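If you scroll down you'll find the structure; I have some questions about it.
Each chain carries a letter (A, B, C and D) given by its place in the written order, and its residues are counted from 1.
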Amino acid sequence: MNLFEFSYGIIHWLVDLVNNLWYWLGDVLPWVFGDFFDAVGDFAASHGHIAVMAMLVEALIIIIIGLVNVLNFIWIDRKFMIITPAKVDRMGFLLAPVIFVGSSIAAMCTIPMGFEFYVGTNDTPYSSYPLPGGPEYPGVPASALVAFALFAIAPFAILTAGWSSNNKYTLIGGLRSAAQMMSYEIPMLLCVASVVLLAGSFSFFGIVEAQHDIWFAIPLFLGFIVFLTCLVAEVEIQPFDLPEAEAELVEGWTTEYGGARFGLFMMTGYLRGYIGGALAVAMFLGGWHGPAIIPDPIWFLIKAYIVFVVIEWMRWSVPRVRVDQILNIGWKRLLPLAMLNLLIAAILRTLEVF
Amino acid sequence: MAEMWINMGPQHPMTHGLWNLRVKVDGETIVDAEPEVGYLHRGIEKICEDRTYTQIIPITDRLCYGSSLTWSHLYCLTVEDLMGIEVPERAEYIRVAAIEMQRIASHLMWLAAYAADLGAMIGFIYTMRDREIFIDLLQALTGSRLTYNYPRIGGVAHDTPPNFERDSLRACDYMEKKLKEYEDLFDGSKVFMMRNVDVGKLKKEDAMNLGITGPLLRGSGCNYDLRKDMPYSVYPEIDFEAATHPDGDCYARYRIRMDEMYQSCRIIRQAIQKMPKGKWRIVAPRNAPAGTGLGRVEDPRGEGMMYIVGNGTDRPYRVKIRSPIFVSVSAAKHMLLGYKVADVVAIMGSFDMCIGETDR
Amino acid sequence: MTDKKRTRSPGFVLRPMKRTGTQVARSLILGKPNTILYPYQKLALPPTYRGKHVVDFKKCIGCSNCVQICPNDCMWMEKIDDPELGKIERPGVDYARCLFCGLCVEVCPTVAIHETGEFELADRTREKLRYGPKELRDDSYADKISEERQKRSLPVLDMGKCTSCEKCAGECPEMCIAMVPVEGVGKKKPEINLAKCTSCGKCAVVCADKALTMMDAYESYFEMPEPRFILKNCTGCGACAKACPADCIYMIEMPGTERVLKDGKKSKPKKRAVFVLEKCVGCGKCFRACKFKAIEMPGVRK
Amino acid sequence: MAERGKSVLREGMEKAPSSVEDAPEEKIIKALMNDFPTAITDFKKLRAGVVRAKIERRDLLKACKFLRDSLGFEHISMISAVEYDNRFEIVYHISSYAKRMVVELITDTPLDDPTVESVSSVWGGANWHEREAYDLMGIKFNNHPKLERILLPKDYLYHPLRKDFQGGD
């Protein structure tokens, strides 16, 4: 039996399972929920939407089967794949992936991808200007600040994971991550400050709107480069992926994780790569602005993926740096450059170019 | 952070084989180191005492998976010294060409592993792709991909295949083009230079006293290449240079190996062009006389040496193999102290570890 | 080259990125992949490739030289009944232990064993990796490849027919035939110095009894051990002659050794083994067959 | 980074001086014979660049120091121990970078007392060679800094390269 036959057999089995479940549910469900189905039937018959209702019920049942499958896979994963080592600190070990994934996804939610494409309500526009009385934007208030705050939670999760795994490699990885992220947070936020200074708004809407005429990457080119470098360090991609340097620290702070938890870490690592791209686009590359043939969110996605691809391209081209060198770069090179960039922004603002 | 011992090995991405490097770190700085070998000890020296001289050739292939041809060649050289037989000239030229191909393949594999150690997976992929060219050439020549079993006592196993000369010259041209690409990929990369320059410094006097040979010694500025200084085979008739670099850091060793690949291309070209027609093998005697044979070659990793005691039968009385890495790794502590954990991979990677020959 | 200055690049990460970018663009746009789809496409293997063995049953003489030279003891001789060839011994290979060194192919005196380009030998159990002679048999494989080993035509002696006439020794232009007396038999036997023989065939022409015939033999790369015969231990049992795969041992009667039996008749004379070492392949089977220590073979183990 | 690249040579292990004077094989034999007239028992030029000399084991360390300091042999290639029927032979292959020459220094020990002076204070590279000889052949090296098993497990009972070794568990 080769792989194709094997997978073909599995798919065949799954299709059989779905069909059998369908018939089984068709027999049993009315018996259990007789009244409910009668009522539904009555409703459908009385309103003449039988076909629509049938489709809805079908979709519902398919979703239920999908959920059952998900539960099945979770069960398999918990039973056979997820290994919690005996001497770990269980609390931190189990909590770290949750914090890591949760904070990253929350950070992603704050970034709007278009004027009509954001997470939030239309009803309550917030004043996003640092001073009261400015223009009002929808979505999360002061979304840029919130996004960076959520984005910066991850080192704590990494440190927790590294410490609680009770392993020397993970410990070193976690501490490296803490040192690296804290030292790169400052130049990055200085770049953000220069952007906010030019845009005059803490909201992504305000920042993107301010780039309607010219992208901030052009006047603040220095800041863009510094921001991109810090971003690579923040999302732990190749030249700066010291916390999980697989050559020296086995797999860094994820060494003791397995199964779905490791999968979450891995997936969220790439997700953070995308978030980094999205942040760079919103801050420097004009957000969703572009020729109108393509809708705004698509523009945003295209730009974000281009930044992501450039980051990955760099990842595959260069080795990783050493831990003392990464801190030297952060504190001795990028911080002065970020300050210089802030100065440039302040001069531009004072000259009222923007 | 307090000081703690870390076991890098026996199963660790850095080790390239089964060995253990225990490092004591203070934070990220190494304050003590202790290499442990022996996980792959197969007792080859003892096995050789129970095999006939011919049967040992495939076993010496297994000494090093990276450059198996060099070791079987060294064994054949030693037995020829013990038996006192002369090898036909064509066989010598075929051997030299094959060994230099093996040297390029071995250095490319080193570069692949070293790049992967430093985190540049692209180096791993590119160099392994180009190594395939030389593996294919050696496969056509010898009949096998990795453990060639090609040299014989008194010559080589069979003649060169048709088109071998043309393919070798083409491979050399291709390789020189690709080496430029690697130089862009590594020397042109700021990060690679940061990781290599002034890392793993080894002084010339220390290297000489510690018995270190090969690219590590030449990287420390000592111009000692057995192919030049104690020539064997037909190396005296071939014009090449032994690469040296005065710095003694990881970058110097990288540079040495790159230059050696250029030189190997030069040697292959000359060996192919000078190769005479004629016999490639003579019938070797079955029994070796009582006495000793000594062979020394310049392995891709250093000075390979073999000492065989014969006692008149068809089986050697004692085989002693000197592995270059066995000596170099004993000096690991001298090179590691004071550097960071991340430098361990760079420094130990620049050794070109091959645990098969180290543990024998 | 050696004192080249180190090239410190100001390009930071741009030079390697340029290289990787051009490589990706090349392989994506020009579409020249570096890999192949293995089970569907296969690499062209060189004709020298060492893979699974095939044994030519008609050429193989069952000498077990391949078994003896195998460094891993992964071959064995199996007695089989072949409808065509009768009771024969042929080698089998255990691929769980084989290291594909090719020494068995090199040592074979009749070039009966070859290595093919087949390398997909993986199986689920170790027993299935033991390939017996029947699985290795391929009598037509030798026609498919060009022969590497050089053939040489050599005079071969049939001791049973030889009359010790010494014509061959007189005829040989290279003077490489010497008549050596065989102890106890009272005959002389021509011994041919193969190193000097030029395969001219004059000795075979001149031999009146057709005892010397020209036969093709493959040149051997190995010096094989030769049996040493000790006459005083020989009982004339003939076990060695039966065991010899190359038919180079002849049992010759020794005149003057007849014993007088009780009824006054004379018994048959005692026999001794006579070795025609030109044909010997050095397998050591006679040494192993001899129960009376009449044959010595240094370097061969029982 | 005060300790970066710090020299960690042990005490008593001085740096090898480099001698550039050119001396053929006979000169080396003569120099050895002059300084150790009683200890050198046999010498022979094997081939170009290889000299064999037999030396009594009591003078081994002194001879090695002499070779390094006065003759410029700064590199020890190999230490091999060979067991014969009546003796152990310990063979030192010592080579010189400048002179392109190998000296094969052979010393004998009786079977029941396989001890010899360690030369790891002369050449640092001899350290692991001597440990290996101890591990596999059971030669004891006096004044060795750390004479432990290196290739085999620490609790192994046999010295497997000896001819009487039949295979342990």
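The rule is short, and it goes like this: a residue touches a chain if its C-beta (ideal position, glycine included) is under 8 Å from a C-beta of that chain, and two chains touch if they have at least 3 such contacts.
Bear in mind that the values here come from a model prediction, so they are computed numbers and not experimental data.
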{"item": "Common touching chains of chain D and chain A", "value": "B"}
{"item": "Label of the chain whose CA centroid is most distant from the centroid of chain C", "value": "A"}
{"item": "Innermost chain by mean C-alpha position", "value": "B"}
{"item": "Euclidean distance of C-alpha centroids - chain B vs chain C, Å", "value": "34"}
{"item": "Chain centre separation (chain C, chain D; CA means) in Å", "value": "44"}
{"item": "Separation of chain B from chain D, taking each centre as the mean of its C-alpha atoms, in whole Å", "value": "24"}
{"item": "Chain A-chain C separation of Cα centroids, rounded to whole Å", "value": "69"}
{"item": "Per-residue multi-chain contacts in chain B, two or more chains", "value": "120, 122, 185, 189-192"}
{"item": "Interface hub residues of chain C, defined as touching at least two other chains", "value": "13, 16, 19-20"}
{"item": "Where chain A touches two or more other chains at once, by residue number", "value": "239, 316-318"}
{"item": "Chain contact topology (line, ring, star, complete or other)", "value": "other"}
{"item": "Full enumeration of touching chain pairs", "value": "A-B, A-C, B-C, B-D"}
{"item": "Chain A residues touching chain B - in the complex, by the definition given at the top", "value": "168-169, 172, 175-176, 238-239, 241-242, 245-250, 316-325"}
{"item": "Footprint of chain D on chain B - complex, ascending", "value": "37-38, 41, 43, 45-46, 201, 203, 205-206, 208-213, 222, 224, 229-230, 294, 296, 303, 305, 307, 309, 317-318, 320, 322, 326-327, 330-331, 333-334, 337-339, 359-360"}
{"item": "In the complex, chain D residues that touch chain B", "value": "1, 3-9, 13, 15-16, 18, 46, 49-50, 74-78, 80, 82-83, 91, 93, 97, 100, 102, 104, 123-129, 132, 136, 149-153, 160-161, 165"}
{"item": "Complex interface listing, chain A residues touching chain C", "value": "239, 313-314, 316-318"}
{"item": "Contact set on chain C toward chain B in their complex", "value": "1-2, 4, 6-9, 11-13, 15-16, 18-20, 23, 34, 45-50, 69-71, 99-103, 106, 115, 148, 220-225, 298-299"}
